[in-house]
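If you scroll down you'll find the structure; I have some questions about it.
Lettered A, B, C, D, E and F in written order, each chain numbered from 1.
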């Protein structure tokens, strides 16, 4: 049963923009330390930091047909998220598909497989988080699905969920929880400011967080 | 039986130069999606793009003696290609060997093992594609061979074959097929230009490639 | 038995500074090719080159409590070295801890686990060599120890040992051997200068090192 | 938010028993080639073949507290399914926990982490499918959850889903689809009987499945 | 260009039978320590020891169509050897294909990918050496080739080469060299008998092989 | 500096025998959850359970010369423990070396590399815990050391330390602590007997260990 779900709901663009500013580590903490993709997902270049609505793809190994199908479903501000039915490091995506995705308003790709033309993608400023960089070509023979729930790099992702990605990796935020997570993330950031200042001044986390008593109670000995 | 084959044939320098311009992904596609080395072979710095004739080395684990032997066989425009008889991530190659290889006209190294002094190699502009960056020293105790057929990172490579390498990885083109592959690669590139323009204008791959009928025939449902 | 050893001995700062200039590959060779950490330990950004005294940490998986404890033990010129009791790629360390470590004079982190906030750490110029980049949060529930001998990424490290780290990876030098290793490393570097010049002029390692006789004696055949 | 969901729905025991007889490969095919856990999940001994209702556990790395909590929720015919919040290979489960799980009617464990006491577990006939065999001890410090949806070894599993496991690995069947999947699996098995007989008699799949025309049409050449 | 080569040459059956008796480690040594496949290739059950002529298959990832094609080319005493164009751990082969291969006289499978139905294959006594055990289903959509040279698990294998496989792994012997390798292997075995007796009697390898002088000359110190 | 230390101290044979009976998981717990080797160290056959004094070997990659040297140092009840200076999966050890080691009273091998002839070793009842099974041959060219401190599979091991190994893996106990660890391990085992009986009777760990209060205090909710 291979389907393309055409009209998915997305989170509020203002919320998405806010999450982008918070970054992966803060968002991940703010939502209770869940939603992180496996650490093998690495950006093809440093410095990109995005948040975007997921257009999900479930694709066969080394078959990128569904990427062509998915690009039609991309709306401005979306990110493509590709999971495979069986592990693959083939190069599903290159500069032509990036040109097409960008023309539709796509802002990036998260792929539990390989990507190629990374030099051109870098020049285009089209960020990709992937398991591998690999030039291996793919076929267009077997169907998959678009905008169905997927497990990508160990995380469960629904279409329309918010993907936050930067140099630390990739995190998913449930669409329904995005506003609440943003609030908590911003709260966290504001509190970090004060702590950063105190730590920069040489104060110790042991004192700021009041850890000395608990450490002693657990039995830590200084010798 | 350890041998050094001294006079190998090389492809036409103009063909090699043409392949360098095409890059790994295009060349790999143009020759029927074969010849790619495993995706764990990564460049030590971004941006290098070369094509060169392979001087092949079969070396014992953590023993770089044959690299010294191989450098004598390097002619201007050659790339060293090292495979091991048993897996190793030791640092076979550093700035002294790079200085020597460069002095002979060598343009890079592809090594299914480790490399070191990568900061200096980067400053020298001597590109290396390797399985690992590792400072572990090597010995000079056991013979190997130079300019024999090897399997390097999963690809079969003969001396004199053309190696194409860039940020996407490494591909080998048989010497005898190099001119034909170049023709197909250039043909492919020129066709991509037109497609890129149409995709950039917002046209969909689904339409450009006429995929809608086949997708429907295979049973893809839009919901 | 969880302990914090408070007053560790350190090597002579001048010796440490000298080792930093030599770099990992040279220092590793100079001390007889020992002390290298596993090659999966990679820097979060290119170009950093440090030598520093190790403040060691043995920490539970995904629990960064002991990092707070360790920072109090940091003196100017120290590097934090974290090993785990069981493998983990969680993000033990981010920009707040780096701010704190830096305020105490810490010059970097070597961690057989994950690190996060790498964009900010890079901007701060606080170098980290790690097994993973990962935003996964950690807890503060279980004790470990500080300044005890640890095995980190396959190398045995004692508190106060000198850590040398650069783009090639990480190497440990025993505190007691640091001065002697520096002497040998500097000797090695000065000898390399002459070799580099001869190799750059096109002379072969085969001749400089007088290898031809040995190769023939071992049975290498030129064909 | 750490919770224990106490009353989960389970599939019909007769359906579960039927799925056990079909085995992983057949069940996986019958439900459209989905639901398979990653191939690194291996049985601690050969020959076990079970189907059971999942009592799911989301646990911190190297912390097995939630296993004690989960065992109270086990009903006869259940299997424990443990996912971690961050990768771990620690030994969460051994012969004491197996004794307890067995006393409650539990029939096995699927764990995306490590298991220990495997010799005793084998003697007890308590099957485990795990990522690792590892004696590393765990703590009881940090909460997780029981009977919440988890991603285990790359597969999304809900409490009460049917787990099918044998020497080929582990597959999950949605509780709601179990009866339908069983019907298709049994249908598939009955059809395989006839094919097996024909293949055993020397007939070729090429002829039984009528592949020769399609192969020729796709361009396969016999030389 | 997808082809099936129909009439391949095979080595002398008596030579093949002789190689089976020698086993992988001896054969590998006898031919100069070459031809070994990567050590991740493991048997699905212990104790099998075969030598057979390779019917080679180059297959796309997760597509087992070419196995059906290859089985028609199997003659009594052959082993199927499958390499992929891109890495895969999918379950290409199960009990139906084994039934068919066995009916044609096939004696085993070497596959740089996954296998399933391993319990039944074990009961059938049909040995498989594979990279993975995995129930993941495959498609029949994309052509590959049969009886072309392949690189399988890092070893170059030609159709008709002799595959030797046992609990130690898999080794390939060139068809043209098989008789010579057998002679050397048998010679090696007969010499080992005498050594084994002396070692069993407590004599040391140091003395039998006369190593003490060389060790001292290289600088080994007893303290 | 390559040395062979000839007279090492060993633990009391009665203590060693006691530790063997306790097994890896219990001993590891009894000494405070330390000393475990990485979980990739697996036995070549199931069921072996040994404790023995370590004769340590530091060897170059794919060079087994030092094994011959080490066997002379083996006394009845010793186990060989081999670490490498750089990672290798080559087959350092086979049936001839096992025959020799057994003749000297050796009871097994722990090797952070490869082993071969595993069928024969199994028949001989000579247990090996290794990183790989691999037939790849080794050379005898480069010195290493015997009975020096080594890091093997992530654990620091001194000559004469007690190695405990079974189906759960391998653990090291410091020679000086062996008697104390045995006492604690036996104590632990006797306490487990009572717990096992209560758990087998259906009592819950939650009650036996009095966990309900702590769980509630930490915030676990039952829903």
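The rule is short, and it goes like this: contacts are C-beta pairs under 8 Å (C-beta built on N, C-alpha and C of every residue); 3 or more make two chains touch, one makes a residue touch a chain.
As the structure is a computational prediction, the values presented were derived from the model and not from experiment.
Q: Suppose you hop from chain A to any chain it touches, then on again the same way; how many hops at least until you reach chain D?
A: Graph distance in the chain contact network comes out at 1.
Q: Enter the minimum step count from chain A to chain F; a value of 1 means the two chains touch.
A: Minimum number of steps from chain A to chain F: 2.
Q: Write down the chain pair in A-E, E-F or C-F that repeats the interface of A-D; the criterion is over half of the contact pairs matching by residue number.
A: More than half of its contact pairs match A-D, so it is C-F.
Q: Regarding the chain B and chain E pair, does the interface count as same (over half of residue numbers shared) or different (under half shared)?
A: same
Q: Determine the centre-to-centre distance between chain C and chain D, using the mean Cα coordinates as centres, and give it in whole Å.
A: Once rounded, the distance between the two centres reads 42 Å.
Q: With centres defined as the mean C-alpha position, give me the chain B-chain C separation in Å.
A: Roughly 31 Å, centre to centre.
Q: Would you mind listing the residues of chain A that make contact with two or more other chains?
A: 1, 33, 85, 87, 89, 136
Q: Which two-chain combinations touch?
A: Every touching chain pair, ordered by label, is A-B, A-C, A-D, A-E, B-C, B-E, B-F, C-D, C-F, D-E, D-F, E-F.
Q: Considering the complex alone, what residue numbers of chain B touch chain A?
A: By the definition above, chain B touches chain A via 23-25, 28-29, 33, 36, 39, 42, 46-47, 49, 166-169, 171, 192, 195-196, 199-202, 204-206, 209, 211, 215, 218-223.
Q: Any idea which chain A residues touch chain D in the complex?
A: 1, 32-34, 38, 85, 87, 149, 151, 154-156
Q: Residues of chain A touching chain B in their complex?
A: Contacts found on chain A: 1-6, 45, 65, 68-69, 71-72, 89, 91, 94-97, 99-100, 102-104, 114, 116-119, 122, 132-137, 140, 143.
Q: Write out the stretch or stretches of chain A touching chain E in their complex.
A: Contacts found on chain A: 60-62, 85-90, 136, 139, 141-142.
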